[in-house]
Amino acid sequence: MDWNGLVLLSVLATSLVASGVILLLAESRVVLRSVFNLAAAVLKLLLVLWIILGVYRNVDYELRFTIIEGVDFILRADALGIMFVGLSSLLWLFTTIYAIGYLERAPNRSRFFGFFSLCVASTVGIALAGNLFTFLLFYELLTLSTYPLVVHRGTRESLRAGQVYLYYTLGGGALLLFGVVALHVLVGDTEFVPGGSLSGIDPSLHPLLIGIFLMMVVGLGVKAALFPLHAWLPMAMVAPAPVSALLHAVAVVKAGAFGIARVVYDVYGIEFAYSLGLLGPLAVAASITIVYGSLRALTQDDLKKRLAFSTISQVSYIILGISLFGPVGTIGGLVHLLHQGLMKITLFFCAGNYAETLGVHKISELDGAGERMPATSVAFTLGALGMIGIPPLAGFVSKWYLGIGALSAGMNWVLAVLILSSLLNAAYFLPILYRIWFRKRDRVWCEGKALGWFETSGWLLFPTLATAAFALIAGLLAGMPFSPLYWAELIVSREYLQ
Amino acid sequence: MSGIVGLVALLLAPGVPLALAVLWSFPRLRRHIGPLAPWAAVPALLLALFGQPGATVELAWLLFGAQIGMTGTTQVFLFFTALIWFAAGIHGRGHLSKDDHCERFCVFWLLTLTGNIGLILALDVALFYTSFALMSFAAYGLIVHDGSRAALRAGRVYLVLAVLGESLILIGLILAARLTDAPLVPMLVDLPRAIAVAPERDLIIASLWLGFGVKAGLPLLHFSLPLAYAAAPVPVAAALAGAMIKAGLLGWLVTLPLGQAGLQDWGTIVIAAGLVAAFGGALIGVNQTRPRLVLAYSSISQMGMVSVAIGAWLSVPELGPLLAVAITVFALHHALAKAALFLGTEVVRHRTRRPVIWLWIGLGIPALGLVGLMPSGLLTKTTLKAALTAGSTMPEMWSSLPLLLGLAATGTTALMARHLWLLRLEAGRDDAPPAAWHGWALITAATVLGVFMLPLWGIRPDWMGALAGLPNALWPVAAGLVLAVLAWRWLRPWPIPPADVLVLLTPLPGLVLRAGQALGVTGPAIQRVLRHLQALALDRYRRADHRVGRATVHLWRRDAPLLFVLILALLAIYGLSIV
Amino acid sequence: MIGLWSLPLLFALPLALGILSLLAVPAWRPRLIFVGLPLMAAASLDMLAGLVISGPQVYRLGDWIAPLGINLVADGLAVGMILITTLVTGLCALYARVYLRDHPPSTSFFWPLLWFLWTGMNGIWLAEDIFNLYVGLEVMGLAAVGMVALRATPPALAAAMRYLLAALLGSLAYLLGVALLYGAYGTLSMAGLQEAAAANATTQVALALIIVGLLLKTALFPLHAWLPPAHGGALTPVSALLSALVIKASFYILLRIWLVLGPEVTPDFTAGLLGVLGAGAVFYGGWMAWRQHHLKQLVAYSTVAQIGYLFLFFPLVTNTGPEAARLAWDGTLMMLFSHALAKAALFLSAGNLILAVGSPQISHLIGISRFRPMSLFSFGLAGVSLMGLPPSGGFTGKWLLLHSALLSGQWWWLIVLFLGGLLSAAYIFKVFRMSFREGPQIDRSVTPPLTLDMIALLLAASAILIGLTAHVPLHWLRVGMVFGAV
Amino acid sequence: MSGALSGYLVFAWSGVLLFGLGLFGFVAHRHIVRRLLAFNIMGSGAFLVLVGLAQDGRGVDPVPHAMVITGIVVAVASTALALVVFRRWYRASGRTDLPEDT
């Protein structure tokens, strides 16, 4: 094991160790826990930045050891993986800060933060996994570490949500497992290599490969909340806001989308997948999900529910981008992986701020919130406008690339889906903004939390503003080096030039 | 002004309002930002007056790599836009400062201004679209400023149409951008050529035409205009009607494949739509009972005339240079005049100590301009007509165009007469702060003088031709006045609601909502049935499970040995049978 | 020949300690483990060293030649079983030392029984002839019955009685089979039988008797009825030992005999039948576990289900080609070992939870996650392995079995693995669901000693760890077996 | 069959018969002591099979004897243990059979 492998391991270990220590800490050691947690998050972020620079300079980061003959445990940092790692570690830091403020007086904090860190560790593992086996390992770990977070409140409703979550994800995980094993039987250990490794396979096995692809996509689609498999996501909204934020922006749904990206690009290879005719149906499934999620979001009055359905819709943008054959569509999908994360986490932070500070959960009660909480509302506005795809916010960049990508792939109908979805996004986000900014509250606010210097606790406000700023900058300065767009282009140049 | 100064000025024009908007987000600075807001347009105005076209600044980090710069045409647009924003800002600062939303107003003002200037200066598609969107959406905040029911309704209609328009524009831009040399960093100048050869040419043209048409008041997309102009604060209405409506026009100018061959059909369609707007606007406008509504329909009507020019350009590319000048002059003239008229609607309400006659002269100047009697108006009409009749090969039906435009001018005259008449009824109702006067005076002066500044931007107006066209310009005015007098004596306005056809469409959302509610009613009902079934099944299952569970436990415990014996016996029989 | 001194020690030592502790006063009985455990650990490690250095070894007890003498074989599988036995039994012993403090002095009979149990198990792991296997089975079985009866409550006694009757029936069937085989071939050694045995009626009947007898002792569905009351009702360390190791002993014998005689002698359907019974066990056990209201009963039924996985070995290894057979072997052993660790951990942590809330009812676990996260955490870790979720031994085993099933074209076993995993998730999360429910705000639960939690955690962690480093144990387990060649 | 019964196998067959009888008793009876008796009869049957099969004219074979002796020891021990458990069970519950069997 060389130094680079060790760096990789320590990225994983920062949150894993943090998780263990925090789980063991007594409930009352608030300061120690917070300091430890934040230190781990910052350390991880620094390590990740180091690796990002390394990956940029084409340094190899790899760590592998054998589990059973023919099956290795591989961690590797490539451009695609490190992008996801960067997102997770950045947002982990913010979410941790947020959660410290959010759960200030709540019970079970050790458990919460412990599993929270574990969740991030598994996300990082998913991102760094170098083959399907390792991916699967962390994928299931993610399922397990998220369950305690979903049921954290311990109410009937949250337990029910947890149960549904488990039904879906464990079933999906099992399907994925079968797909992976079947692939192993056919071709042995499937490492992720740019351009895929299956194209040379005997043509008589192609139908089998299609079946396996289907199985894996369904398995991954559960987490990515593809249309018929999405029902767990809105239910999981009963979890505390930082959890929803993390689930939606980074961990769970992204793990699914990221997995599909891995399968398409690095296992099958985009060209081979295209020649098997797998991308078209995937695009159709993603499009249906996009429209369906938006339609359902229209009718929700619960703010977090509406955001949840919006997530269902938005995550499928990523899958849509993946399924567009051609570099531009790929850039669109990958860049949306980051953009959606930044925007959605902002929105959930804001929803949490409203809930915690004002005790407001429903959209119909948000009248005049802009006056009471201007900073939060500005952040919410940025996130919402970004989701609609209004320039210069991050969502616009994704949409632009997806649109051009769709056209270059010869799938003009996708453009119609994108526009329709934008219209629907506008239809369910703009009324919220309208209520926040232009309606007057007719009652006094019942204040949920004692106020600090700002409109709400600084722990809650700072991460919200930071992520909102990132969402703005990611779009506004998309042409800057190391912006999400820049990095997505780097990935694509490495994927397609194989 | 040259070199580095020019580049800095290019950056400052949109940068200053944007910077002010950003500074505004610090609560402590807000008090100081408010008074500065009207002056935010000044850098742009200076740039328009003293800048040289041709300079570009590349902002590689912005969006996909943005470029800003000026061409001759956009410099004219920048001039009147900046001037109108400046004047409207000065006009509004006094009475808005006592408003309780004035802080919010300030930031939306600055953002809209940034967008408007940005879209004029943008050379690449992404920044153009971004600025356009910024302007569209920030303007919503200005429209609904006073929070009245009418304002909110206007805002809603405006927003729906704006979102639709933005989507259409995006479709058009994406489709077009793909065929440019650099699909990911497309430049505006490459668009027309790309569109002309695109396989989806008609779809692109339709999207862009309709998308920008939302701003430019195309028939059936115009609803938001009268509603917004009537409901928004007057300075906003002036900016909307003067500057922002021209953003739609600019959108057409920079994106549509003007000057490309083979678009006769589109030319015809655009001309037809323009004529419908010109006459329809006049017809509906004269029936309105509020000055601002009359002005709004006048804008629609005027934009219809510009549409005719655009259509002509599409049909006969060779007329391009002439029409470009005509359209630019028209835009300048109409923007300034309309802004002056709008500001005038408020000025007239204020009680004044000055002689009233000066006020009415001031109010009359832009009205006269619009009907084509002031130098600017005359120049505009004659240039347009000259351009339309200059071509060597003209389509048949064009022969009647000058006549039709003349008739439209009749309509304009009637509208202006109606407007002044209605203003008279509103005069002198309340006090005006002096600032309101300054803005109005500035813009009114500009309506007179603006047209003489054209040489500054390289446009040499044909004053001789204009003078020669004077007699021709008189008959529509005369006809219009006669009509107006007749109407005043014997006709009563029809009760046409402010957003005309929209009223017919209003049940539509209601119906959709009703349908949604029906779904909402059936949805839970279905869910309830399903849940009931589920509960039933679960109950059954639980009971069965319990029974089976008990039975199996019992069976296995009791008879496991028996089972064992059975298996043994079977095996024994099997074994013996072999023996 | 490093291993030779330690090999007899593996029986002699526990036997001696058993007798010694029987003679000792109750207070001294637990303390003997401080002598016994290090020695046993040393002996086991020495066996491992012997295997690593000089490969599989055969040892003739007292230098008598077979058949009168006793042959002991220490191949990879046997050494593996010895090691896992030492690990699990040792930890259970440490657990019991703390756990039994609060129990009546009569429970100190646990200690001699423990040593006898260990003797019996080590005898089974090392025996090479089928009669010594019988003796080992009996020693172990009787000790196990004694342990079940330790609690001395009527349900425990009934369970012990039922267990005893089942064990006796199974032993006798096995013995009769042995008698027939010896009568037919005049040899007891496995190697001899492998050479001599032919597919005639006598052999088949004998083998049928042996298999059915062992199935009864392994508690394969539908012969499992004795298991849940015995395992669920016993003292916690006893439950752990029984579920983790004791039932594995009869399975181990079955495995050995099958490899020697099975495919050649039995009719074709036998392997399939065993697999089907295994599938039945997975479904029935999982379903019953999910229905239980008592925590330890749930865990006991989980054992019934997990046994089923082991029996997928037979169809997967019979007539399926070397690669699939090797994978099946690896997978089954991975299952066996990880189940041993995980189930011990599960029982011990369940015991801790019961100690904490003072009630065996699952419904009384409401809100316990707030107060006893450690116990619950080890329960969860062990549960991960049982559910076959990565990264755990259970997952690696499942992976290998899946691989084998696909490779051999017997895809229908996938369904068993699929549904079995979901069922186990259902019952594991049933416990979690309860524990995450918000209950009383005040901690009324008892804090179990830290040692107990730590031991459970250690076992659970090793169940996880074994999955991550699976290739090492699997490599050594193949030494001396037919699968070693591949 | 008759040939098999005629020779040395008669012991073995009677062993099988005894085993079968014992098995029947083991299953048919509910009283635990009876079942234990039945178990012992089964055991005797098994031993008889062991010894009987060894008399095939191969000369004296000490192995079955060793096995039978071991087996008897095991059977005795088992029976003893069973009786201990039974006594405790009887004292605790007052029953002579197992709860689910009735």
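A, B, C and D are the chain letters, set down in written order, and residue numbers restart from 1 in every chain.
By definition in this document, a residue touches a chain if its C-beta (ideal position, glycine included) is under 8 Å from a C-beta of that chain, and two chains touch if they have at least 3 such contacts.
As the structure is a prediction and not an experimental result, all values here were calculated from the model.
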Co-neighbours of subunit D and subunit A - touch as defined: B, C
Between B-D and C-D, the pair with more C-beta contacts: C-D
Central chain (distance from its CA mean to the mean of all protein CA atoms): A
Centroid distance [mean C-alpha coordinates] between subunit D and subunit C, Å: 27
Centre-of-Cα separation between subunit D and subunit B, whole angstrom: 101
Chain centre separation in whole Å, for subunit C relative to subunit B (CA means): 77
Centre-to-centre distance between subunit B and subunit A (centres being mean Cα positions), rounded to whole Å: 36
Shared interface positions of subunit D, touching two or more other chains: 26
Subunit B: positions in contact with at least two other chains: 553, 557, 561, 568, 579
For subunit C, residues that touch 2 or more chains besides their own: 162, 165, 169
Set of all touching chain pairs, with the criterion as stated earlier: A-B, A-C, B-C, B-D, C-D
Contact footprint of subunit C on subunit A as seen in their complex: 23-24, 27, 66-69, 71, 73, 107-108, 110-111, 133, 136-138, 140-141, 143-144, 147-148, 151-156, 159, 162-163, 166, 170-171, 173-174, 177-178, 181-182, 184-185
Subunit B-facing residues of subunit C, complex: 162, 165-166, 169, 173, 200-202, 204-205, 208-209, 212, 216, 222-226, 284, 288, 291
Residues on subunit C engaged by subunit A in the complex (per definition of touch): 330, 367, 369-370, 373-374, 377, 380, 384, 387, 389-391, 395-396, 398-400, 402-403, 406-407, 414, 418, 421-422, 425, 429, 432-433, 436-439, 441, 467-471, 474
Complex contact set, residues of subunit D against subunit B: 1, 4, 23, 26-27, 100-101
In the complex with subunit D, residue positions of subunit C that touch it: 67-68, 131, 134-135, 138, 142, 145-146, 149, 152-154, 157-158, 160-162, 164-165, 168-169, 171-172, 175-176, 178-180, 182-184, 186, 188
